[in-house]
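The following pair of complexes shares a single chain, chain A, combined with chain B in the former and chain C in the latter.
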Partner chain A sequence: MTATPSRHPGLNLGRAHQEAHDACEVLVFGFWVFMMSDLIIFGLLFANYVTQLDALAGGPGPGELFEMKSAFLETLLLLTSSFTYGLASYCLKYRHGRGWLTAWLGVTLLLGLAFIGFELHDFHKMAGEGGVPSRSGFLSAFFALVPLHGLHVASACLWMVVLMVQMCVHGLDTGVKTGLVRLGLLWHFLDIVWVGIFSLVYLGGLA
Partner chain B sequence: MTLNHFLDLALGRLDWHALPFWEMIEQPTLSHIVNGSIVTAAASLVVLGALATVVLITRFGKWRVLWSDWLTSVDHKRIGIMFIVVALVMLARAIIEAVFMRAQQAVGLDGGFLSAEHFGEFFTTHGTIMVFFMAMPFLTGVINYVMPLQIGARDLSFPVMNSVSLGLTAAGAALIMVSLVLTPFSTGGWSGYPPFTEASFNPGAGVDYWIWAVTLSSLGSTMTGINFAVTIYKERAPGMHLFRMPLFCWTALCTSILMIFAMPPLTVATAMLALDRYLDFHFFTQDLGGDMMNYVNLFWLFGHPEVYILILPAFGVFSEVFSTFSGKRLYGYKGLVIATMCIAVLSFTVWLHHFFTMGQSPSINAAFGIATMLIGVPTGVKIYDWMLTMYRGRVRLTIPMVYALGFLILFVLGGMTGILLANPSIDYQVHNTLFLVAHFHNMLVPGLLFGMLAGYQMWFPKAFGFRLETRWGYRAAYAWIAGFILAFFPLYALGLLGMPRRAVGFIEPAYLPWTIIAGIGALVVLFALFSLVMQFWLSLRHRHENRVPVGDPWDGRSLEWATPAPVPEYNFPVTPEVSSRDAFMREKDLGQAYQRPAEYRDITMPANSALGPILTVTGFLMAFGLVWYLWWLVLLAGVASVGALIARSFVRRTTKVISAEEVRETHEAWLRQVDETQAVKRDKEQDTSNRGRPAAPVSGAVQ
Partner chain C sequence: MSDSQRQSDTIDENERRHELGSYLWGYGLALALTLVPFALVAWSGWPRVTLLWAIGGFALVQVVVHFRFFLHISLARQKREDLHLILFSTLILVLMVGGTLWIIFNLYGRMVPELLP
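On to the complex of A and B.
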């Protein structure tokens, strides 16, 4: 068996999906470039956060506001969702039919929504303890960085819903397949960003 | 709900005071009347201009053409032209503003006629427009038009995204135009430093106009950068290796890489400033732990690479101009590529030189000062390469060449003052003076504007099928050079005399002669702008005599000249195969130009899309709503934007097919025209006998 030449880094759809496989070359490359640009945004907000660690202005700090248990739970949810998205990608590549693909996407979506739910709950609790962005430079920096990631996850969830509806309308066509490949990249990318947030903001803050 | 409540919700903080003439009605002092009249006149111009456009389009029944051939078109050539139209309109406004500022300072001893507030709006809009809504759209437009042709592509990789980029830029430009009618605009300068731009000092709508106009533009430019880079990496014709690309494409590539990495810091900076102002965050405030230095770092992390985003494409244009009009291969191609890359990389290592005086340790200043001076090295390499391109060439002093020569000399002088400023101890003496203003205008007017204007003169016949008139063209070029020298060299002297930048008036009589000379220079620049308008008008009237249908009026070297003028939508009937640098020149040398392809095939092209114009409108309305606190409008326009994006993702018929038959007919007709056209020698290229087919140069000429 000869391998189909790889069109882009990451999981290639391969020759069973020739049209989508070819279309991915430019689309996925473009998406990588977009993510590089997006990563700069996160990088700058991380940097801003680090410079503002001491800017508490007498307000509450990480020790009072962060909770390891829920941050850890959120991490588990998001990491698991990356795994289930991986399974969805394999179903897209190797299984012909939409059943398993839809099921794994559904699980991923639920995990993503659960992550957002927990995160909102965290923010709500922080606000109850006086941890609102208008309180200090530190809290402003926190609320620029962490909710931006949450906003990305929410947008990715919306994209997933749109793709699932498209799957119902158009079937599993090239448009949906290339969309799923790119959404997968975004999903894993957001996972990596979260690992950064968990390590630097939560572990760093509570250490 | 009472009527008042309803009005508050519906109109936000919009009230009569937003009207430009309201203040002079309420307080009719002389100063209010003078300033109010100026703004009212400008606002009337905007309103009348918009109305006149609508009336003219209706009168000539052009709405359908405008919609289907232009606004919804995703053809890179049309989008490129629209970008340049935006740039030229904004250029006119920003030059007029500059003339007002120079006039104010020419009579600014102990006063002048502009109020400090009004002067602040002038320099803020002038800078913001020139950088974000003149320079960026101009270079984006030129790259859009030329780069895909030069690499032998049919379009950009993401044609609809290209149209969205244009839309966001146009929405930002429209927002700045509207700020003339519903005032005020920011007085915080083009860099918008907090804490001055924070809500505590500037609660009004002005800074918000600035924030959202710039944000729209930065989002559009990020997408443009992604689009250009992917296109250059993925859409090159077979055989077009990276090192066979025309130098303009290399500079386009470096500029787009800079856009990808340097626009996000700006987006972050303006978004954080907006959070400070709208939601009471404390990133850059003076209290509760805010730190304005973070803004300054973010802004210049964008701002310095931005300088090279602006200048590199002009370097590319000049490289094409020098080699085309010297009839010679570009000297030191590889050196120029490496120099371009070096500049792109170094541009990220020098941002701190924009604020040497803001409290870093001397050793940090020294490191950034040295990095800054280093950029002079690759730039120097380029200057020598361009000079050596002309050396022993047969130089023709065409209009683009006049701009290029003006650039070469003036840019070196500007670079010298840059090396001076790179030295922190000298910077301490002249920072925040007009010396700095003179320096960066000295880089950007010759280094960006001359380049773009040279490109406009050179590629106009390609885009529209006829050459531009030359008499007013030369007048414009010489007036630009003379006007620039008169307007900005006195500013070096003023800076050394200690005159601060952004000053509405002064009390030092020694400044006066210099400000008067600068004022005269501004008038010469105004004449240059007028000459450009005259040139365009006369060219339009005499277009039939100046037609160049064969498409190669300047004996060009790269692939764009191998196509008819104007270029058909599909660019090339069959994808060209490239075997060397200066691909088209080689074809001509070997007598292989204008070949009949072995067979014609159907060509698939991207279909029109309304997404660009829809996002232009929703983007504008969202920004406008945010400026005036019209939350219902923000919500509606936001939902509409997301809805439009989702709806677009459901569209499956995104391409259209141009039949092989149609391609054959168009192409064969053109080939017949090529055969019938008399070739002209290069020295007759500005003559009406030039129909776009160059004769081979005398044998023995250096090529």
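On to the complex of A and C.
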């Protein structure tokens, strides 16, 4: 168990970063409220997807459209990126230097971009096999749920680039530190949503 | 006082090791909880319903692992507001998702039985 009591979800910066640690309490709570509302959006899109599972309207279904290999690769990429973001937060908290922090953030960014690349490739392939959103209720529900998650990952990548630029310009000041803590929460949260997607959509569809 | 001195004053060595260990454990457990369901779907040949239950079970455990090891949420040393927020959001989610599934599948049963699983 940690010695300092936790003030907010995610890695607490602790007393070594007193100013940022104090600022985080309110900022992270607000961000957490936003993420819980996001969780409800995703939860309802999952429910919507389940209601549309058999609404194929004669179009292609999960068996024809999904590929286990690419779903597996995407899962590994996103899970590993969640871990490397954890290492970046760790380097931030224990002041392992800006070099290590930037390196782990860079690895996370590359993994995130690779994930988006694979996902776009999947969607492109699906469209080639007649799996477009307008084909059936099932495909509309799929394209409401999975690309919304991809869009979240893309926005998080953009945010990471902005934070890295800010880090170069301003150094590791309180604003950058609290930004990194909040982006960490979003990144881990998006991985949790992906656990739902690969389990329900891909594995459920291929089982 | 120099920055490095202040740092050594405020860094708790146990906490540091615990937090690094937390990420390593989280990654290891999440990896195992991902590999098993993929392997089951690819090679086990179990009946579909058993597979679906297994996938659901592994997914739930993995979500808990992510919350615990990556988001550092635990029931013990949590700020109460955060825990209340999570529990309240979960309540809303359960009501809305449960209600959606109940109503829509009841409707299917009455009007379009071919859409029932």
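In the analysis below, the second predicted complex is superposed on the first by the 201 of 207 C-alpha atoms of A that agree within 3 Å, B and C clash if a C-alpha of one lies under 4 Å from a C-alpha of the other, contacts with A are read in each partner's own complex, and residues count from 1 in each chain.
Going forward, a residue touches a chain if its C-beta (ideal position, glycine included) is under 8 Å from a C-beta of that chain, and two chains touch if they have at least 3 such contacts.
Worth saying up front: this structure is predicted, and the values here are computed from it rather than measured.
S.K.: Applying the document's definition of touch, where does A:V26 land relative to chain B and chain C: first, second, both, or neither?
M.R.: first
S.K.: Regarding the shared-chain residue A:S140, is it in contact with chain B (first), chain C (second), both, or neither?
M.R.: first
S.K.: If you stack the two complexes on chain A, which partner ends up touching A:L120: first (chain B), second (chain C), both, or neither?
M.R.: Neither partner.
S.K.: Tell me the contact category for A:D173 with respect to chain B and chain C: first, second, both or neither.
M.R.: Once the two structures are laid over each other on A, A:D173 reaches chain B alone.
S.K.: Between chain B (first) and chain C (second), which, if any, makes contact with A:A55: first, second, both or neither?
M.R.: both
S.K.: Between chain B (first) and chain C (second), which does A:I41 come into contact with in this model arrangement: first, second, both, or neither?
M.R.: Only chain B; A:I41 stays clear of chain C.
S.K.: With both structures fitted on chain A, tell me whether chain B or chain C touches more of chain A's residues.
M.R.: Comparing touch counts on chain A for chain B and chain C gives C.
S.K.: Which partner does A:D191 contact after superposing on A: first (chain B), second (chain C), both, neither?
M.R.: second
S.K.: Need the overlap of the two footprints on chain A, from chain B and from chain C, as residue ranges.
M.R.: Of chain A, residues 29, 33, 36-37, 40, 44, 48, 51, 54-55 contact chain B in one complex and chain C in the other.
S.K.: Which of the residues in chain A end up touching chain B in this complex?
M.R.: Within the complex, chain A contacts chain B at residues 25-26, 29-30, 33-34, 36-38, 40-41, 44-45, 48, 51-52, 54-57, 59, 133-141, 143-144, 162, 166, 169-170, 173, 175, 179.
S.K.: Going by the contact rule set out above, which residues of chain A touch chain C in the complex?
M.R.: Touch residues, chain A against chain C: 1-12, 14-16, 29, 32-33, 36-37, 39-40, 43-44, 46-48, 50-51, 53-55, 68, 72, 75-76, 79-80, 82-83, 86-87, 90, 93-95, 185, 188-189, 191-192, 195-196, 198-200, 203-204, 206-207.
S.K.: Residues of chain B touching chain A in their complex?
M.R.: Of all residues in chain B, those touching chain A are 157-158, 222, 225-227, 229-230, 233-235, 260-261, 263-265, 267-268, 272, 275-276, 279-283, 287-291, 294, 298, 301, 646, 649-650, 652.
S.K.: Over in the complex, which chain C residues touch chain A? Could you list them?
M.R.: 6-7, 10-12, 14-16, 18-20, 23, 26-27, 30-31, 34, 37-38, 41-42, 48, 51-52, 55-56, 58-59, 62-63, 66-67, 70-73, 76-79, 81-82, 85-86, 89, 92-93, 96-97, 100-101, 104-105, 108, 114-117
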